[in-house]
Amino acid sequence: MGLKGALTLLTSLNREVYDIILLSLYVSLTSTLIAALGAIPSGIWLGLKDFPGKKIIIRILYTFMSLPPVVVGLVVFLFISRKGPLGFLEINFTPTAMILAQICILFPIITGIVFNGTKERGEQVKLLGKTLGANRWQVLILLIHELRVNIFTAIITGYGRAVSEVGAVMIVGGNIKGHTRVMTTTIAMLQSMGQYDLAIAIGIVLLLLAFIINSILYHFQQGDS
Amino acid sequence: MGLKGALTLLTSLNREVYDIILLSLYVSLTSTLIAALGAIPSGIWLGLKDFPGKKIIIRILYTFMSLPPVVVGLVVFLFISRKGPLGFLEINFTPTAMILAQICILFPIITGIVFNGTKERGEQVKLLGKTLGANRWQVLILLIHELRVNIFTAIITGYGRAVSEVGAVMIVGGNIKGHTRVMTTTIAMLQSMGQYDLAIAIGIVLLLLAFIINSILYHFQQGDS
Amino acid sequence: MNVQIRNLSKVYGDRKVLDIDTLNIAQGTIVGIIGPNGAGKSTLIKIMAGSESPTQGDIFFDGLPPNKVTTMDMTLVFQKPYLLSTRVFHDVAYPLRLRKMKKEIIQTKVQTILEEMDLWFLRNQKTGTLSGGEIQKVSLARALVFQPKLLFLDEPTANIDPTSIFVMEKMIKKINKENKTTVIIITHNIVQAKRLCQDIVFMDQGRIVEKGSRDTIINNPQETATKNFIKGELII
Amino acid sequence: MNVQIRNLSKVYGDRKVLDIDTLNIAQGTIVGIIGPNGAGKSTLIKIMAGSESPTQGDIFFDGLPPNKVTTMDMTLVFQKPYLLSTRVFHDVAYPLRLRKMKKEIIQTKVQTILEEMDLWFLRNQKTGTLSGGEIQKVSLARALVFQPKLLFLDEPTANIDPTSIFVMEKMIKKINKENKTTVIIITHNIVQAKRLCQDIVFMDQGRIVEKGSRDTIINNPQETATKNFIKGELII
Amino acid sequence: SSNTSSEPGDQQNQGNSAPVAENKSLILATTTSTENSGLLDYILPVFKEETGIDTKVVAVGTGKALQMGMDGEADVLLVHAKADEEKFVQEGHGIERFDVMYNDFILVGPKDDPAGIKTNAPQDIIKAFELIEEKQENFVSRGDDSGTHKMELNLWAEGNMEPQGDWYLSAGKGMGDVIMMADELNGYTLADRATYLSIKDKVDLVIVTEGEGRLFNQYGVIAVNPEKNDQINQAAAQVFVDWILSAETQQLISKFGMEEYKQSLFIPNAQ
């Protein structure tokens, strides 16, 4: 039933449905990308460097993997709201705000997973790079290459979180039709309207897209290894 | 401001607040525990075994890491609803239902992370165990011991997801005061009532608890290594 | 335990890295396997020990295919040993714990073997911090501690210093003598093969080129390939 | 490049695993480091190569503390080599790519060295599937390919078969001769040290017990510890 | 059973079977406004004390609440979309519908009232909507099929308008959220008075239109048809219906809000 609903939905060529799907992809991919760009080096760095207070930083990092999206959404909302410190940016209820909130949620998740992968094998890779004459930047590239399976998991986990998350994007985006309505907020709305079939159909579309995205990423991860 | 609010809240000794916190802990810990019990062996097994169709199973697994909680909540709801196939269990709008929904969300996440860790080092560990005379069960224990850093990450990530998740528990639990109201549903409700301070204060309580739980788990993971 | 191999082969892609018609190893002997890098020695020993599956062929232990009882009585020391991420004592105790021995017995056995191999001072060190030679010693100790009936050793002394090599060889000879353990050892150290083994198998490119008693293979090899290989080592 | 060490020490917990007053290595020589397992040889060589930091002490290359230029000109082959998870060709090409060499030059250099070391047939094999000896060969090739001025080798032939050992030694001698590369090699193979090295350092328990020319150390050692150690190996 | 119309007296009798109902709790599906305003917290402890029945409140939109009734997931409904409720009963999903109480909808907007509604249409909601459309001032719609949303759509239709454009924001969210969004976006929105009052001091919005007949907001109670499935707690549902319609409870409802807002948030009007 659900799968058929999903297909009907996709083939209906309904402009609104496509806009929602595209916005979902845009928001979740952009936030995953930006979060990953910051979180991968951070996780690697944490995995390699020793410094006083590292233990406590790690615990805080793990704790932030539990950040409730609703709270993140709320805090971001308060920052960018009219009266908030970043109110002048006027990004409330825009996709930019949704991306911002999701970055906050994904950053600790991706960092945490990469950190753990680096802890196991990173030192060895770094030393090899250095003995062969790699500079800092080249060592980082080498680490990303050698830890790619782990980094891949981190990105997939992050993307999975981004695309399925509803609490934060609902608050900062506002689920405004035609502007900030994404798949998850639509599902939540349909659910609250008792339109279960349609909600599940969109959920299946979301999973189909996740499947495609994962397959593409998986392809990259394989590389020439 | 928020931190002070959180402390005031905790020291207020308000019975209702404590019930909400305890229920949150109960639901998220129970679902993490049950999901982990199934997911850790599954992830290890997937990491070690080769079988036809494995590639596609893995992709589906990764896809299910993106399961939107709202959809999970909805599907579980339909199953356990009075009309549903499991309606006779009469667990709709109970903590049991919330645990059930969260298990569905956590299972692929924990399995996926453990799978990736096993892929890298599991084979070697398994072979060592076997050459020293370990039976299947003992090999599993050995793998869990040797892959404990990875398994720890998986559990922390899973718990982080469980405790911060609101979409599924809201639907199957119903946020019923005194019965199924947990921290995240409270936060969402307070947020929608404009009571931001209180919402953030509960968010901080949630993070403090996550910090404590993570510290305890971390302690176990260290073990004698 | 004796070992018989029939028509064993292993293929990776389009490369046949192992191709053995027949090989019999008698109970209680120490057999050396020598041959150039990539000859398939590790592949062979891993298949015999059940750590890798052959593309084709059969192995029999005391005339029977591998079963629970025989696998409990044999072990393999890998060319790249894997130590558990714990302390030396616990790593060496692991096979005994698997066998549900009493705590006091484990304590005694582990202490005895660690002392015999001059490793007692490392008992509380984390295995991750050991030196290369120490890793090899610990992994041999872990294999010997439960007195297997069949022992596969893949270059077990490659990183061991000359003095310790004698200790290791003494231990191998001892278990062979006292426990009637059949030992199959891969080594690039021809002199070591000469000291330890009754029989030697020379492999090249996945095949057994020549097998025979120590004296035949080392002092009087029949095949040119064997001659050249042995000669290489003995030039000082 | 020459190397000078002053007051070097490394402490783990309450164990001092390295304690060296002074050690000078002359430009263009091949120096062997020998000694029992756990003597601190790998620790010393890793500290010299900048892969580990000393608890205390200084190292100078051509009179200067380590700097960008010198580190680009030296390399270390680890006792446990780490190959990149790619194919053999790419692994060996990696240091050349780091140095931003042209594609054709990389192709030529890598092909040349792989052929010289009889590894060309492995060029497309994934490094994760190599045999123990093949791993050591590839990691030596990767170190030699960019012609460093200072080469640290930690038991580079431990898993190499007798015939290939000569190829490896030939390559080491060649770079030393043609490129004036200073080579510092750890080995448990005294015969190899005798073949390769001009000077030999004998270490035990973190200290340098004796150092001197090959002939002194091998044929006429002054210290009893050295004598016993050398003697062990030479008994056949 | 759609044509079965029970007299209050019958229900009273059925209500006597309450002891059977007590060992199971009662699921009440209602709108967020009754829960978020605090009304249920105010009256339900009394219900529990008097009858011993434990009520589980699931607060959702009216559309969803009716859906839950249709699916037999709730035992009793307390909602506000009279036309839909009557249809619900007519189709046999519920036993009978009773008026319980009412409050009113209000139009709220920014303090400076850019559409000039306060001066030009303080008591004329259709005119107010026309002004908003004309000036293209931001208007946030619930857009979620709730009772409030349905009311809003009726009003646009009544004025022969089809709101669309960048100024008309369909949010698909609850009342509290939508009020907050209107505040943030300097826009107008149609709200129920109870929710607005409970959130008033957190926003800068003021009432611009109120007090006309069309803005009447009637709440009704319906016991779900027990033939839906055998888990429906019909006995307790009847007890609840009878109780909420009783004179004492009606009195209680009228007192709610007096302390905090100096006015009743819901005016009881059960017959």
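For reference, chains read A, B, C, D and E in written order, and residue numbers begin at 1 within each chain.
The definition used in the following text is that contacts are C-beta pairs under 8 Å (C-beta built on N, C-alpha and C of every residue); 3 or more make two chains touch, one makes a residue touch a chain.
What you are looking at is a predicted structure, and each value in this text was computed from that prediction instead of being measured.
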Touching subunit A and subunit D alike: which chains?
-> none
Looking at every pair of chains, which two share the most C-beta contact pairs?
-> A-B
Which chain's mean C-alpha position is the greatest distance from subunit B's?
-> D
In terms of CA centroid distance, which chain is the most far removed from subunit C?
-> E
Averaged over CA atoms, how far is the centre of subunit B from the centre of subunit E? Could you give it in whole Å?
-> 36
Using mean CA coordinates as chain centres, what's the subunit C-subunit E distance in Å?
-> 80
How far is the middle of subunit A from the middle of subunit B, if each middle is the mean of its Cα atoms, in Å?
-> 18
For subunit C, residues contacting two or more additional chains | none
Overlap residues in subunit A, where contacts from two or more other chains coincide | 171, 191
What parts of subunit E, by residue number, touch at least two of the other chains?
-> 173-174, 177
Chain pairs in mutual contact under the definition given at the outset = A-B, A-D, A-E, B-C, B-E, C-D
State the interface residues of subunit A toward subunit B in the complex, per the touch definition above.
-> 59-60, 62-71, 73-75, 78, 109, 112-113, 116, 119-121, 149-150, 152-153, 156-157, 159-161, 163-164, 166-167, 171, 183-184, 187-188, 191, 196, 199-200, 203, 206-207, 210-211, 214-215, 218
Contact set on subunit A toward subunit E in their complex | 81-82, 92-93, 170-171, 174-179, 181, 185-186, 189, 191-194
Residues on subunit B engaged by subunit C in the complex (per definition of touch) = 124-125, 127-128, 130-134, 138, 142, 145-146, 224-225
In their complex, what parts of subunit C are in touch with subunit D?
-> 12, 34-39, 42, 79-80, 129, 131-134, 137, 154-155, 158-166, 188, 190-191, 194, 228-230, 232-233, 236
Within their complex, subunit C touches subunit B through residues 49-51, 71-72, 74-76, 78, 82, 84-87, 90, 94-95, 98-99, 126, 142-143, 146
